[in-house]
Amino acid sequence: MIHPTALVSSSAKIDEGVEIGPYSIIHEYVWIKKNTRVGAYCELGLPTPLANEAQLEIGENSVIRSHSVIYAGSKIGAGLQTGHHVCVRENSEIAEGVQLGSRTDIQGDCCIGAHTKLHADVHVGKHSKIGAFVWLFPEVLLTNDPMPPSEGLVGPVIEDYCVVASKVLVFPGVKIANNAVVGACSVVKSDIPEWKLATGNPAKPACDVRILRMPGNPKEKAYPWRNRFHRGYPEEIVQGWIEQAQTTGESK
Amino acid sequence: MIHPTALVSSSAKIDEGVEIGPYSIIHEYVWIKKNTRVGAYCELGLPTPLANEAQLEIGENSVIRSHSVIYAGSKIGAGLQTGHHVCVRENSEIAEGVQLGSRTDIQGDCCIGAHTKLHADVHVGKHSKIGAFVWLFPEVLLTNDPMPPSEGLVGPVIEDYCVVASKVLVFPGVKIANNAVVGACSVVKSDIPEWKLATGNPAKPACDVRILRMPGNPKEKAYPWRNRFHRGYPEEIVQGWIEQAQTTGESK
Amino acid sequence: MIHPTALVSSSAKIDEGVEIGPYSIIHEYVWIKKNTRVGAYCELGLPTPLANEAQLEIGENSVIRSHSVIYAGSKIGAGLQTGHHVCVRENSEIAEGVQLGSRTDIQGDCCIGAHTKLHADVHVGKHSKIGAFVWLFPEVLLTNDPMPPSEGLVGPVIEDYCVVASKVLVFPGVKIANNAVVGACSVVKSDIPEWKLATGNPAKPACDVRILRMPGNPKEKAYPWRNRFHRGYPEEIVQGWIEQAQTTGESK
């Protein structure tokens, strides 16, 4: 399951069922858990002085696609899915079920909650905190320097179930609260309250997302999206969403 | 012509005159037609459940630059030119003479017409339809989800001879009609009629592109660009443009 | 120090102390100066008809990270630092101490002055001129075609000590003068005078940057940033800045 051209450190820990593609490099202090598949030309556990001898841990049943680079010193949960040419720097905590689209860049010291999905070309600046079940669409950029260049980096905070559409820029230290939705190309300069739709430059809260309906179906509420979109989530989580919707009386 | 370090499936079909660079991987169900050159670290015909055993066909005289990834199940015409780190997903139809700049991402189930040129970092969402002789400049993003996240993806339609300048975002399902020009950083939320210049957020049709003149030369019409810009197009096509301009009385 | 899987042309000049990572390719006409480290899967000196037999020169003590591509015909000073998946085209002059973030693309025929730092995903169009001690933040895009597509490419000019924040687009031929600061997501359509803060679309000069103060510290001037931010610059340069500030009476 390990391609003969792969270069795997003898001190790396490779669990059973792991596949490692041609020409990939696994450095020491890496632990790849069972049934994970690593594509071609990946480099995992790249050492850095910022994560001295710290282990890179990659959860079971993950898929890391070709040409991706993951540094030492991060802890990644089960079921990670990456696209191609992804880069994850050191000292990040990435929970289970996370998806990182092609060319996504996690710049280090970040937290990403469970089942959060980042599309292609998302750029997550150092010290960002992203909750669970978040969606970041292509070319979303989380910045962290309030007066560039400076030493006082403060990452944005994006809470659970938020949806941030394509090409949005989020200012340093800004908080987008639970269940908020940010429209495409917006520039988020100040905090967005929970359940708000925010759009524009600067992004202003416009309405409660729960009044939005699906295109072509005015009876179906668009948000919270968890009441209508379930593809790719574990069954027990979906079941919890369904029960919660029934309890709270949120209709589909 | 096939580098000894390249890994080429015995069931791939490699025509005469094909070059395959060091460390590249050619999977089964790939047909590379004659005189095509594949750079280093490319992976062609990557299998996916979304294109089960479907062939990847790459036309003759193509150039695929290093670190590029093309999935199984697409059909690409002659004379493809890619930059580096390009990604093309499954089930797309790409006509002859297409150019894909570095890091361009074709996300699958797309159509791209003949001699269309995508610059670097163009992101083409699933189900996009792009005509012939189109120009998409750097960081153009074609989106497809009208109420994210949802299952109802609808790609934009960009018709022949359109020019879409840098950093433009196009909304799902929007149509940019023949010969339209969209200014840099615009956000195209609704259809743009043919021959219109559109700019802004949201992009509004401003004027007919045929009234625009070249900078520093008020006698030379800027559009249709095919009357003044011919580099890189086949001679017989250019000849056709010249004759058409004479017939219709469009002056240079 | 040269990994056995690296493919190094016998006519390349590799100085002492150079490290070349696994699977990297060094073409002929390349000169890598002493103590430079090249990561895995890099391709240096890629030939192109646009730089026929012209040498690629890479200064000493440089670090070129994995999956990067640098064409023939550029001259790069000492202490280059690249991220991953970087692309540098032919015939560029890059001075000492330059930093190019991951996926940054220098499209050719560019000049970049000493100690200039480009973050991730910066796109520098052909014929751009960037001064010394400049900062370009993620997804800055320097364009060069005033009436696309055309043959009359004119790159922007960005002078010394400028700061251009994330997602800014700069129009062809525009000059951003010494010490100017451009706010995030701005679209720079006309020249910005020196020492000005400019923001918006189109970017308009708002105030002198020297009236800005650091967040949370109203006594500390934010600009010129060289009076407060020194990390990563050579000691003698920092000393010069300190002395200059004392001479001119610019207080911290």
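All chains are identified by letter, namely A, B and C, in their written order; residue positions are counted from 1 within each chain.
The criterion applied here is as follows: contacts are C-beta pairs under 8 Å (C-beta built on N, C-alpha and C of every residue); 3 or more make two chains touch, one makes a residue touch a chain.
Everything quoted here is computed from the prediction, not taken from an experiment.
Because chain B and chain C carry the same sequence, their contact can be compared by residue number, and under half of the numbers here are used by both. Chain A maps onto chain B through a rotation of 120°, based on Cα atoms and reported in steps of 5.
Averaged C-alpha coordinates give centres for chain B and chain C that are 28 Å from one another. Shared interface positions of chain A, i.e. residues touching 2 or more other chains, are given as 23, 41, 67, 85, 103, 121, 139, 167. Of all residues in chain B, only 7, 23, 25, 41, 43, 46, 67, 69, 85, 87, 103, 105, 107, 121, 123, 125, 139, 141, 143, 145-152, 167, 169, 171, 187, 201 touch chain A in the complex they form. Residues 5, 22-23, 39-41, 66-67, 83-85, 102-103, 117, 120-121, 135, 137-139, 163, 165-167, 184-185, 212, 214-216, 222, 225, 228-229, 231 of chain A touch chain B in their complex.
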